[in-house]
Amino acid sequence: MDQDLRLIEAVLFASGAAVSEAALAERLGEGADVAALLDDLSAHYRGRGIRLCRIAGGWTFRTAEDLSDRLRLERRVSRKPSRAAVETLAVIAYHQPVTRSEVEEIRGVAASRGSFDILLEAGWIRPTGRRNGPGRPTTWGTTTQFLEHFGLESLADLPNLGELEAAGLIDPRPASAVVAAETAPG
Amino acid sequence: MTGAGTGSGRDEPPPGAGRADPEALRLDLDGYEGPIDVLLTLARAQKVDLARISILDLADQYLTFIGAARRIDLGLAAEYLVMAAWLVYLKSRLLLPDDDDDEGPSGPELAEALSYQLRRLEAVQDSGRRLMARPRLGRDVFARGDPEGLAIVRTTTFKVSLFDLLSAYGANRRHRVEVLRVPHDALHGMADALARLSRMAGTGMGWRSLARCLPPDPGDGLVFRSAVAATFAAGLELARRGLIEIRQPRRFGPIHLRARDAAEPSDRGP
Amino acid sequence: MDQDLRLIEAVLFASGAAVSEAALAERLGEGADVAALLDDLSAHYRGRGIRLCRIAGGWTFRTAEDLSDRLRLERRVSRKPSRAAVETLAVIAYHQPVTRSEVEEIRGVAASRGSFDILLEAGWIRPTGRRNGPGRPTTWGTTTQFLEHFGLESLADLPNLGELEAAGLIDPRPASAVVAAETAPG
């Protein structure tokens, strides 16, 4: 195989961007017929998995377009959201519409950005509007996807505090009931 | 402990192999990594398999070398002298009959350990050279400069059950009791302070200390501090709007407020 | 050209790192003879400007070695590693997992902090764990990047490793301990 052709092949392969014919000519030195070499190379790769393409005034290798579907790989990943995310979701579900700072206030924890991101990614929460007041903060609520995921027909299906307590999910200390009653929405 | 396998280490001469030509010792120690490196270079110059080298001869060469180097540079690094001392000791152990009561390793064992260390270091140096001589990525050979990447489309499913959700809420409710609440109804707010100061500014008041701008019943303790803070913050806000001026003649001194000069009516509100 | 061959070519080309045979097989689906396809592809690139190489446990394309001089037009001035750094790297590569003090012992020199820093910066070494014993010192080994940089398929590919092992020269213990162990009766 022609040494210049090999060099062009290697240069185009290793370059981080398309290479102009002028730059190729400079590399090859005087007397090289860059256009003819590119023709050769292009012919060689015709019908293969890689193709020589002319892009933005230069030449570069690209994978063949018809393979793009087979080059993609589908992966299903199953993730367990953090406790903070689950708690944030619960607070949003029960207190919606609720602002981010109200969620933080209810959870008694400051940072919740990561939790919101995960819940958004899962498609479980959505912005529902803005609260009148300083800064007009976004309010959040749950989505239809949320109901579907948890097998709920409507938000009214969420058990109320009394039912949660009866199910043993809330410590029935009197103080908690007092505080809960104080801060319950509505 | 045959030296059969070590011969491969001698395929290529080490860089600067000639530097320790015993006849023309270069007394500059800068090029060496330490006493062991000097010993190894001296040993190599003997052009014998390291496994068969005479440690006794080597010790003598080292002592000569260091003796000469020391005449030139009295500040010779201590490690070279420590090695010299140790080699003198080794020589004595090799030349004098072994004391049977001795707990430690025998003279020949010490010599063998040194020989092993030299051969192992030679192998390391040789391996390093072989590694560096390989075609290296980004220097001799190149990878694809602009890999398109293999797209992996990830679909994430989140695993949470309704039970997880409800217990999280339950846990949160439970912890509510621990949240500290500060009763804030009794505190002075900025809205009142703004209204009050605006009224005072409207009457064209002259310099007046912050203390005399407080609400009629400022209270005490935390409540009093909130009155001061609210009034001061309201003062800053009105100053920003150009309605009043603030001055504090000295650090930590009293703060005074007054309405903006009536000569600049454009700065006033309607 | 065979569709599977085209796909392998495109996958290896598009990937930023070497691709294992297992990963290739997963992409090709059942029944594909990955080894035979790789042989075909390798033969196809023989003598060209690019070459199919086995590196770091997988397959990848690299520019041909003999073109190195003509490719190195843009002189990236890469600092030549010091003798100390090269020696330290060799000790870590051949004796891994190895502690810092074992490196110093083998090299017979105390200071090697700078060398470690340079090797870490190059991405060639990494902490691999801790040695049981006093102080539980960190042990060091080489990285995948190390294999890639030096074009090694695996650590077993280290030049001359077999001979050094046979000669008993791969042993990070102090020389006196090695000799004592060998001369000990039994």
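Points worth noting:
Note that the chains are named A, B and C in the order they appear, and that numbering of residues resets to 1 at the start of each chain.
One rule holds in what follows: contacts are C-beta pairs under 8 Å (C-beta built on N, C-alpha and C of every residue); 3 or more make two chains touch, one makes a residue touch a chain.
All of these numbers come straight from a predicted model, not from anything done at the bench.
In terms of the distance between Cα centroids, chain C is separated most widely from A.
Distance from each chain's C-alpha mean to the overall C-alpha mean is smallest for B.
Each chain gets a centre from the mean of its Cα atoms; for chain B and chain C, those two points are 27 Å apart. Each chain gets one centre point, the mean of its Cα atoms, and the points for chain A and chain B are 33 Å apart. Taken residue by residue, chain C touches two or more other chains at 11, 13-14, 61, 63-64, 71, whereas all remaining positions touch fewer. The residues of chain B that reach two or more other chains are 142-144, 148, 150, listed in rising order. Of all residues in chain B, those touching chain A in their complex are 142-146, 148, 150-162, 164-179.
For chain C in complex with chain A, the residues that touch the partner chain are 1, 5-11, 13-14, 26-27, 47-50, 61, 63-64, 67, 70-71, 73. Taken together, the chain B residues at the contact with chain C in this complex read 1, 3-6, 8, 33-37, 79, 105, 109-110, 112-114, 116-117, 119-121, 123-132, 134-144, 147-150.
Here chain A touches chain B in the complex through residues 10, 13-17, 60-63, 71-81, 83, 86-87, 89-91, 93-94, 106-108, 118, 121-122, 124, 149-152, 158-159, 161, 164-165, 167, 169-171, 173, 175-176, 179-180, 183, going by the rule given at the top.
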